[in-house]
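What follows is a set of notes on a single structure, which appears directly below.
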Amino acid sequence: MFSKYATKSPWLYRINTGSCNGCDVELATTALIPRFDVERLGCKYTGSPKHADIVLVTGPVTVRSENYLIRMLNEIPDPRVIVAIGICPISGGIYRDSYSIRGPLDKHVEVDVNVSGCPVRPQSILDGVAQAIGIWKDKIKQFHEA
Amino acid sequence: MITLSASSVFAYLLFPGGLFAVLFGLLLLSMGRIAVARFQGRVGPPIYQNIFDIIKLRVKEVLIPEDVTNKLMFCIAPVFGFVGMMTAIFILPVSGVYGGTGASSDLIVLIYLLALPAVSHILGGSASGSTYAAISVSREVILMFAYEISFIIVLFTVALAAGGGDGAQFSLKGIVDYQITHGSFISDIKMIPAFLAFVIFMLATLEVPPFHIAENDGDVMKGYLMEYSGMPLALFEITHALKLLVLITVLQVFFMPGIAGASIIVNLLWFIGKSAAVVACIAFIHASMPSFRVDQAFKFLMIVPILLSLMSLGMILFF
Amino acid sequence: MIQAFVDSGNVISSIILAGGELLYFLVFIRVIRIVFLDKYRGGKLEDLKIQKLKLTYVLLAFITIGGFLPAFAVQPFVVLAGFMGSPITDLPPMGINWPLPVLLLTMGAALVYFIGQKSNKTAGLLSALVCLLTMPSLFFSSAGTYGISFAVLILFMGTLQFVYSVSYMEHSHKQYRFYTFFLLMIAGLLGVSLSGELLSMFFFWEIMSGWVMYLALSHEDDAFSVREATKYFTFNYLGAAFLLVAVAVMYNETGHWSYSDMAANFQYTQPAAIAILLLTLAFLMKAAQLPFRIDYQMHPKPAPTPISGYISSTVLKSGPFMMVKIFFLAAAGVTATTLFPLELIMHVSGWIGALTIIIAASFAMLTNSMKRLLIFHTVSQLGYVVVGCSLMTSMGLAGGLLHFVNHMFFKNLLFLCAGAVFISTGTDKMDKLGGLARKMPVTFICFMIGVLSIAGVPLYSGFVSKWLIYHAVMDSGFIGIAILALFGSVLTLASFIKFMHSAYLGQMQDNVKDAKEASWYMLLPMSVLAGLSILLGIFPGIALTPINSMLAEFAMQPMDITISSVTHGADSIDMLFIAATLLLGMALAVLVYVLTKTKTRKTHVFVCGVGDLTPEDSHVSSGNFYEDAKAIIKGSIRLMKKTIGLKGDYIER
Amino acid sequence: MAGFFKIAIRNFLNSPTTDPYPFGETFTPENYRGIIDYTPELCIGCNTCEYVCPSGAIRVREKEDGSGISFSFWLNTCSHCGNCGYYCPTDAVFNSNDFHTARHQSEKFIPTIDDGISYVQCSNCKQKMKRPVEALLARAYEEITEEVRHQTSLCPECRRMKRFERM
């Protein structure tokens, strides 16, 4: 019914697959410090993957965190958008050929938006989230047609 | 038998009951979020944010944990809280606007209705089978165990004060009328400690930061709402909004039911103004207070509000 | 002999005599226990031939005749004393009249003993039939509506209990013996409720809480259950000793046994006040108030569930039942000057009830065993009944009696659910259980209805009686009792949530994997009781109309009620109205659910993606619930023990 | 706790300090290392940038048709360390202020910069060679005479031969 207004409240969820926490600090600043308040877009950090709409993944999917990531990704309800934050999930970044990472994120799940940078600037995260909201809108439409 | 007259159905579903209460509660919640943001120096979400949260949740897919022990209980749990709050709003009189149902608008019914959201959190959390939810259920019950005492004592103090010396006045309408004639309790020195105790109780029931323990993002993440998504979660959000509104109405029924004017519109604006002021104060405390740990909160709740309410109970009884 | 002492005016020596009798009993019970009940480890034993026992049988016959028809046995001695020059002038008429239903039940018990040896099913169904058939015979008995309605409830609960125990006692041995003693106990209880005189009431009181119960309780025959049953039996015997002395003093004061004439010429003299005090004390002890040593005061944990459920829900009610009768008997003869002692006794028993609610509910927070938690809650709910009845106002009495009835239903329901869980999983410890709701859904739903009604949630039966009690307590101005009582309901809810989560919800433990739903015999009584709890929640008038007639019988001003609402002065409550709003709300919520047509999907429980957690370490069991609340309760227990000189902490007996 | 109350009230009174980024411009410090920029004219194809880049974001290869050198930069693996800008002798590669790095998944494998320089014919032996760059000459000689200008048009071998003859 109102599904076109649904995109006004995207809830963000952070998954850290072994990142150096550089990007996680940037993620924290986008929400909590007054300067880059992500709540203006209606976003809110949620505590559980089951409430997530836009999933922000950081870290180069290290070997240890791989199957945890896979289990958590199928715990996220469907019209969702996966955003890779920082160069590590996109291409493995500076650890690209290392033996201990299991490749970029899109080997495990189909990613929608890549926000590269090491670490990512909060403004570009906001950019990424804005783009993700756009993608999320057509995903909701597809989800309801299906 | 039940008098399901048109006015009571209208009161239940539309004006001070369902639609108005849900929308007003959600607006109050998002107003609280804006106020907290402004106290932290950021812009904060738009005013209609919580309403769109509900709409968004309607669109989402519903996830059922596979080793949930009882799928039926998992889905029914949110309904308890929602139903309790809808009935509470229906029986609570808003001074000058809506007279309450008269028949069973009673203090003791209010106590048990106010406990229903906590019961629905507990049932939902433990039915979902998640460990985080179980831990947060145990915290929720410890808190309920602690803040219920002060609520009961405040309730009896108000009942006795409204009784005017000859026994207790249990009907909510009676309390409101007594205060309108004899001046509301907020202006009465004897009732100030009870007012403070009730505010502490409100903070503890609504899980506002000094007592943001059962759903604390730090350790238990989303607590009992961990396994919920989609529409059941929306029901929980609506119950939370209704609970905020119910508590504000109860605060006004108990302590400041003053009437601003004769017409309903003026009183309604006065009611909305008072609610906004209360939400602002709650947001102020939310923005400037860190959260307790469970045992600190338990110790605090077992000492401060109980002493405050006993003080005002003593004053009411013996002076 | 005690009567003689009381006649000659010194009550103290009669108390000493009763004490001596108690000591004798302690010695004798030890003999019985060791000789008959403990496991026999010696060689093969064969019974004596019937001829050698002829003499003992004759003696046995003479004793039983003396017991049943005392006047006949005393007659020759009166004649003998006449010769010896000191004629016995006014012997108290010791006749005990047996109400018809009690006779029927005892015959039924004998019937079950002989016929029931074939199989457990026949014995169980037969005894259920016996209870059902004696119900119509109640209408001929002369007791007032108060006695008859209690009797109807006794028999109704008895039938449910027997239908339940048909499948519960499947695994145990010699069930017919258990059914016979159970039926005799019900007969005793029936006698207490129907008897018109104090003496026959005392006679049936002895049967009810005497040997019959002891042998039924120690049915499992293992050392633990026999030891616990002996503890409970000695406690009952102590209560009965108080009763014996009080009954003698009451007869001495009023010269009559039957309640009506006793009420007629009851003057307030100093011994009479002591008698009333002793009676109240005995009845409070029967209702296990102020539970300091719960293993003595309450029926033992290892007893089979049907009988422990029945004792908790019905037999313990005889305490408050008789207390109300004695209060109103004494109140009838009261005058303004002598009002003070009766008022004091009632006020003190009100406070005892309130303290019991808090103490029992906080003990219930500590225990980890299912049955013990339910036992503590029985005691705390009885505290509500005692608080209600001891207010002596019409609303208080109505509230107390309504809670009396409601508690009977939801407490028995909770016990039957615990029994069903015990049978299907074999363990009574809540720590070892978890996730039962998936395997036993119907038991879980009944259990939930029981929990919600014991906590007093509006749609269920516990709420109305608590509402009445709170209003009555506040009207008569006891703020402290009201606060304690209301807080007690929070404690009850907290401990039942611990029980619900650790036994039924949470992660599925592996010892619960093979648990299967309870059999049809168990589920029928459970669902009947659950239905009744909801019915009484929405239409309290069903129970309130007979209560109103009882109020009239006690010369109190009846409450003005309709089928579903209770009005008392300014404030009133309409349960159907509340139920309608609640159901309207539920319909609204379900409508909202149905409108959203989204897909649902099954996923893992979110534990940060960790996959290798076993159910044991991811289930929050009852041990680690409410550490802080338990710390405060344990602290206060330690403090209380220190004040009375004991050391140590809460010991889970 | 009193400190918090003061801060909260001060925040409440003066207006929020949120940066209106998605809906307005934001402040970027001038030496912020954003996406790198590449000016082909200055590039001499010396491969130092590829060599110093820690995450291998820059790739300088011979063009397939051998007509020059291709310089391709892939943003998604650049860690904005600034090594390339620092080591590039002729500052052909430098860090711009552009921080807009959010890309859709479909654009993931398109190189952000795909440019190159083409070879120049040696005026003497008509062989392909990298062309000289003014900046480098300025650094090598104080003033660029006609002689120097002429030599820049020769390929290294011809220049060596000419130098040999002059000796």
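Every chain is named by a letter (A, B, C and D) in the order it is written, and numbering of its residues begins at 1.
In this text, contacts are C-beta pairs under 8 Å (C-beta built on N, C-alpha and C of every residue); 3 or more make two chains touch, one makes a residue touch a chain.
Note that the coordinates shown come from a computational prediction; the quantities given were computed from them, not determined experimentally.
S.K.: On the document's contact criterion, could you list the chains that touch subunit A and likewise touch subunit B?
M.R.: C, D
S.K.: Counting C-beta pairs in contact, does A-D beat B-D or the other way around?
M.R.: By the number of C-beta pairs in contact, the winner is A-D.
S.K.: Where the centres are mean C-alpha positions, what is the separation of subunit C from subunit D, in Å?
M.R.: 90
S.K.: Just how far, in Å, is the C-alpha centre of subunit D from the one of subunit A?
M.R.: Computed from C-alpha means, the inter-chain centre distance equals 30 Å.
S.K.: Taking each chain's centre as the mean of its CA atoms, how far is subunit A from subunit C in angstrom?
M.R.: 61
S.K.: When you check subunit A against every other chain, which residues touch at least two of them?
M.R.: In subunit A, 34-35, 37, 40, 48, 50, 75, 77-78 touch at least two other chains.
S.K.: Could you list the positions in subunit D whose residues touch two or more of the other chains?
M.R.: Each of 11, 16-18 in subunit D touches at least two other chains.
S.K.: Provide the list of subunit C residues touching at least two other chains, using ranges where the numbers run on.
M.R.: Correct list: 599, 601, 603-604, 606.
S.K.: Which two-chain combinations qualify as touching?
M.R.: Touching chain pairs, listed by label, are A-B, A-C, A-D, B-C, B-D.
S.K.: Contact residues on subunit A for subunit C in the complex?
M.R.: Going by the criterion above, the answer is residues 48-50, 65, 67-72, 74-75, 77-78.
S.K.: Quick one: in the complex, what on subunit D touches subunit A?
M.R.: 11, 16-19, 21-22, 26, 54-56, 74-81, 99-105, 108
S.K.: Hey, which residues of subunit C end up touching subunit A in the complex?
M.R.: My answer: residues 599, 601, 603-604, 606, 608-611.
S.K.: Considering only the defined contacts, which subunit A positions touch subunit B in the complex?
M.R.: Against subunit B, the touching part of subunit A is residues 1-3, 5-11, 33-35, 37, 39-40, 42, 44-48, 50-51, 53, 75, 77-79, 140, 143-144.
S.K.: In the complex of these two chains, what residues of subunit B are touching subunit C?
M.R.: Against subunit C, the touching part of subunit B is residues 1-4, 12-13, 18, 58-70, 72-73, 75, 78-79, 82-84, 86-87, 90-91, 101, 103-104, 106, 108-109, 111-113, 115-116, 119, 122, 126-132, 134-135, 137-138, 141-142, 144-145, 148-149, 152-153, 156, 159-160, 167-171, 174, 226-227, 230-231, 235, 294-295, 298-299, 302, 313, 317.
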